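The structures come next, written out as structure tokens.
Here chain A shows up in two complexes: once beside chain B, once beside chain C.
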Partner chain A sequence: MEVLLPIVVLGGAGLLCYVIGRLSLSRSLTGCVALVAILGSGHVVYQLSESLDEGIVVGWPATGPELPLQSYLRADHLGIFLAAVALLLAGFVAVYSMRYMHRRNIGKFYALLLTMTAGIIGIGFAGDLFTMFVLFEVMSIASFILVAFEREEWEPVEAGVKYLVISTVGGLMALLGIAIVYSYTGSLDLAALPSLLAGDAGSAQLLTVAALFIVGFGVKTALVPMHTWLPDAHAAAPSGISAMLSGIVIEAGLITMLKALLAIGLANTGLLLVLIALLTMFVGNLVALRQSDLKRMFAYSSIAQMGYIFMGVGLALGYSNIAAFSGMRGGLYHILNHAIMKGGAFLCAGAFLYLLGTRDMRKLAGIGRSLPILGVCFVIFALALAGTPPFNGFFSKVLLVRAGADVGGWGLFMAVMLILNSVISLFYYVGAINTVVFGPIPDNRPKRLKPMPFLIALPIVVLAVLVLAMGVYPDLGLMIVDPAAQQLATMIGFG
Partner chain B sequence: MIPLIGWLNERAMKWYTVAASFVTAGLAVSLFFSAGGGEFTRVWWIPGIDASVGIHLTGVGLYVAVVAACVGALAILYSIRYMEPREESYGPTRYYFLTLLFVGAMIAESMADSFLFLYLFWELIGVCSFLLIAYDYRRSRARDAGLKAFVVTRFGDIGLLVAVVTLWTAMNRIGAEDPFSIGGTIQAALAGQIPHHMLGIAGVGFIAAAVGKSALFPLHIWLPDAMEAPTPTNALIHAATLVNAGVYIVARTLPMFTVLPWWLPTLVWIGAISALLTAILALLERDIKHLLAFSTISQLGFMMAAVGAASVFASQFQMLNHGIFKALLFLAAGAVIHTTGTRNLFEMGGLRRSMPLTHITFAVGAAALAVFTLLNGFWFDNAVFEALLVNGHTIPLVMLVLAVILTAIYAFRMYWLTFAGERRSETEAADAPWQMAVPLVVLAVGTVIGWLYVGRLAAHLGTVLVYHDIPPIVPGALLQYTFNTALLALGGVTILALVWLGMRWSRHGSPVPEEPRMWADLVTDTKAFGDWLWGLPVVVMRAFAALISLGQTGDLNYNSLWLALGFIAVLVMLLGWG
Partner chain C sequence: MSPYAATGIIMVVIGLYAAMTRKNLLRVVLGLSIMARGVPLIFIVGGMQTGTMSAAQSIVITIIVIEAVTVAVALSLVVAAYNHNKTLSITALRRLKG
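What follows is the complex of A and B.
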């Protein structure tokens, strides 16, 4: 029952938020309800991790799946990791949106935010492919509406529709894959599937399923060439939602893919994933160089960062030996770090957007000096994203590079490619700092800006402090990353 | 601390900075005399990846730390007056904060006994340098120069990161207790526990890092542009400290790579090319700060070549002296710029009478530049270099000798153009106020007497560097040897001839050419076309980015097409491999 609880709490609170928001139109009240729900589920997740550490297997239903198609949720370290990251970021976004969003549709906003978070947590805890797919779609549907949330404007609607169509195609592909698996084995239980499919390893059917999973879930993960929806969606969404999409939703897509691939026994996909990762990081970084729209630049940088994460995961899958363990570790740690630093970066860009009504970097020039605190935070986020010590992005990258060096051969090549990409990314991150913080203030900007609401600045500052803290003391993050990485390593077959 | 105090009171903040820096300098010097075999403390930092933070005083690091602390203190004192005109437009707090942070990071880096820690501070000084170069952020040239310095040195940092991670992996494989320890890694390498190919990768990495940070060929393009920074920053970062980090790191890790046959000759070649190329550029340059920047690169080339000749002591001695006299030259040049308001050598001249103190100190610096470079020849003549010579490395030797002679020529050219001859501009010039004068005098005295400690330094280095091989040296023998070598005697005669020529020139009117000098400006402005060379990858990268952007139409039909193509590609690859 405890496994279901966070999802139910978030879903129920979502309904409550909708009603409260509709009746009171108060942003603070609705936001506080959402925040309480997030904190409550956070507490439940913490309890879950405690009982998991004591060796108690928590599932729902408690007796385990009885019928072949019964929905089944099971708490494991990977699920707890995903839930923790999602709830952390959702909490910051909930606080931020209390002032950032307009009061008109505030109930709907928080309801969707909570639904999306519930979907992400469900993906982590899902025990069978069917439940995972349903909750994946719950997350997706909530995110479509959130991207197109400001429906009076053209850009978000266009982005939302694009996102909807492409994601649906991807979802259907994944569903086809799940159907093929079911027709072969008559079971969708993630734990039971590997042994059922063991005899078929390497068969054409299974490889087709693997391809369907990689491409289907890869759409959500924004792997090149399935990434085309992402820049539009992330740039057009409300900034809090951009932070969520970039910080956790695409990573949730990755974990979905990972769980699905592990269920069908990998089927030799390892080096292919590394190749996709290489392509993803290059495309993301090179195109980001050309952007003048701040949020769009961060969106492309998210693609590149997914490439880094995917490289670590791909190395772990491809080599499946203990040398690649730091790849898994680095990948998961980068998920956590990316959620914090990219979330913070998007919230920062949103704060600038809130004040000046533009995302164009040239028009934003010098804003970092008018608002020194936000300026410093912006510098911290950008440098962390570029992988500069002493910020958190550096350590996960070190782990990823280490994975490459450990496995040798292609791994070493990938490690060098990753560092090369970090240098390319430096051009646009430092370029953005140069413009946004040090650039000359345009003449037509009003002398006095709107006052900065405290609740918008607070999450940004706290995230920046976290970035620094986790850079100086990486064990803070490794605490929740390591059990999950260990579990995945065991599932792959080493560690 | 500084932002806080600066917020309370600007004046107090400045003097606090000065006090703090002098205390640091004092501590560093006292360490220098007290440290025997090296003090050692270690704290476990990140248990997850077995990272520890070790502080280990080694001889090599101590030199870097002492130079950084002392020159840092003097540069900060000097800044107090030099930076005054800029304080109206830029808050001074940022400047002093960054400078002090920089000095601290430099000292920490030079004392770290953990590759990870070393890397962290390596990056930190990179960031400080970027922010200080771009200090004058309202000018786009300063911002661009900062960006350039940061990105170019990052190319070297890639090498360092790869090297650190490779050694980390190697140390983990042999099950070392503390895989990041520098001393431990050196021991393991000497014991032959680290495989040669890994050592090779690390060796390339360290060379790349050193080349990037020390602005050697072919990454020398950032240093002249970095002259957009305030002059005390140049004296501090681009003469005395940051650029030494590159030499430091190869000197520190030298014992590890002695097993690689190609490693030392590579250093010699890089050093020789840098030294000669930038000496020529310095000869052609007409901006006094750019000239000093080229001269710095040239000097670093000598140091690198000295390390390459396995003569760590020569490089450290050169580094110590160079740190002092180059800071002196920069600060004196800063005093000149401060009063005349120009950096163009051809607009100076005849400042001898109006700025007597600056004149004398600058002359001492320029003489030191010529003489010490010459003295360096002594060290090159040791057994190891002869071994290189036997192995057919005569070309670097010839290049270095040429560079030595050119150094003497450009040093005196700079001096004549600035102080001798007739006044070529109408601006008023006067000596600097005492806050600027004191560092000049101290540095000048340091330059004159510093080399007398050579014997003591050699003995000290010999005791603290376990893995390096340092012969004991006494000043008397040094002098004797110097004057007994034919090569050096020839160099000395050349210099004397040049001095005499210079005196004649300065009496008989100006040596300044009247005609336009397009080609020379073109060569120096592009750093011997280095800018174009490195501009090329950027252009290629941009072109690729543009090409990829073509596929990013935002049209839903195309997006779906990509999706379908991606699926087919993945399927084909999977079926093909499976």
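What follows is the complex of A and C.
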């Protein structure tokens, strides 16, 4: 039951938020209900991780299928990791949105935010392929509506339609893969599938399924060339949702893909993933160089960061004898760091958008000097994203480079490419800092800006402090990353 | 491969083709809908082959529910797009750079 509880709490609080928002139109009250639900499920997840450390396996309705094809949830370290990152970010976004969002649709907003978070947590805990797919779609459908939330304007509608069509096609491809697995084995249990399919490694149908999983879940993960929806959707969504989409939703797509691929026993997908990672990081970084829209630039940078994460994951899958642990560790740690720093960066861009009503960096010039605290936070996020010490992005990139160096050959080449890409990304981040913080203030800007609400500034400052703290004490993050990476490494060893 | 599974795969391909090539937003949504009809057919075939038909049926009903929700959201977005542009042509969706 404990494993279902976070999902039920978030879903129930979502309904409650909708009713409260409808009746009272109070943003603080609705937001506080959402925040309490997030904290409550965070507490349950913490208890789950405690009992997991004691060796108790918690599942719902049982720890494994009692009937054939029974759908079930089971807590493991990977699920705890995903839930922890999702709840951390959702908490900050819930506080931020209390003042950022307009009061008219506040109930719907928090209901969808909580539903999306519940879907992400469910993906991590899902014990069979179909449950995982259903919760993946719960997350996706909530995110479609959230992207097109301000539908009085054109941009969110266009971005929403694109995102929905591309993403649904991807989801159905993945579902086709699941259907093929089911008709060959008669089972969808993630734990039982590797042994059922062990005899078929490398067969045509397994390669088809692997391709369908990579394309289907890869759409959600924004792998190049399936990334075209991402810059539009992430730029057009409300800023809190941009932070969630970029910080955890695309990563949840990756975890889904990883769980599905591990269930069918890899089928030699590691090297392919490394190649896609190479393409993804170059396309993301090179296109980001040319952006003048702050949120679009961060969105393209998310594509590049997914490339880094995929490099670690791909090396772990492709060279499972040497890099299984170090690659996964680098990849998962980068997921955690990316959630914190990119979440913060999007919230910061949203705060500028709230004050000045524009995302164009030239029109934002000098805003960092008018608001020194946010300016400092912006510099911290940008430098962390570029991977400069002493911020957290640096440490996870070091782990990824070390995984590459462990492998040698291809891995070494990838490590060099990652460093090269970090240098490219430094160009546009330093450019952004130069304009947004040190640029000349345009003449037509009013002398007195709107006051910055405390609840918008607070999550940004706390996230910036976290970025710095995790850069100085990397062990803070490794506490939840290491068990998950260890679990994945053991699973790869089995396949 | 049984004819049922082949029909399912053909439906997925037709739906994918429609979603990728049609210029009318409603036809794109119809394409998605056809795709989402083809996949459950393969689940049914799988249930027949492996003798787990009851489980396959519950899976198919869940897929139908998900698909209905997706199509409802898609149609609401299509209505919003129509209200902005007074056209259902997909060429109107080219203002963002992608």
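In this text, the second predicted complex is superposed on the first by the 489 of 495 C-alpha atoms of A that agree within 3 Å, B and C clash if a C-alpha of one lies under 4 Å from a C-alpha of the other, contacts with A are read in each partner's own complex, and residues count from 1 in each chain.
Just so we're on the same page, a contact is a pair of C-beta atoms (placed from the backbone, for glycine too) under 8 Å apart; a residue touches a chain by one contact, two chains touch by 3 or more.
Remember, predicted model here, so these are calculated numbers, not experimental data.
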item	value
Which of chain B and chain C A:219 touches, first, second, both or neither	first
Which superposed partner A:180 touches (first chain B, second chain C, both, neither)	second
Which superposed partner A:231 touches (first chain B, second chain C, both, neither)	both
First, second, both or neither for A:162, with chain B first and chain C second	both
First, second, both or neither for A:145, with chain B first and chain C second	second
A:170 touches, of chain B and chain C: first, second, both or neither?	first
Touched partner set for A:197, first chain B, second chain C, both or neither	neither
Which of chain B and chain C A:436 touches, first, second, both or neither	neither
Common ground on chain A, meaning residues reached by chain C in one complex and by chain B in the other	161-162, 165, 169, 228, 231-232
Touch list for chain A against partner chain B, complex	161-162, 165-166, 169-170, 173, 202, 204, 207-208, 210-212, 214-215, 218-219, 223-226, 228-229, 231-232, 267-269, 271-272, 275-276, 283, 286-287, 289-290, 383, 388-390, 398-399, 401-402, 405-406, 412, 415-416, 419-420, 422-424, 426-427, 430-431, 434, 438-440, 473-475, 478, 482
For the chain B and chain A complex, residues of the former touching the latter	46-49, 119-120, 123-124, 127, 130, 134, 137-138, 143, 146-147, 150-151, 154-155, 158, 161-162, 165-166, 168-169, 172, 201, 541-542, 544-546, 548-549, 551-552, 554, 556, 558-560, 562-563, 565-567, 570-571, 573-575, 577-578
Parts of chain C lying in touch with chain A, wherever the complex brings them together	5, 8-9, 12, 15-16, 19-20, 25, 28, 32, 35-36, 38-39, 42-43, 45-46, 49-52, 55-56, 59, 62-63, 66, 69-70, 73-74, 77-78, 80-81, 84, 93, 95-98
Complex contacts: residues of chain A adjacent to chain C	67-69, 130, 134, 137, 141, 144-145, 148, 151, 154-155, 157-162, 164-165, 168-169, 172, 175-176, 179-180, 182-186, 228, 231-232, 235-236
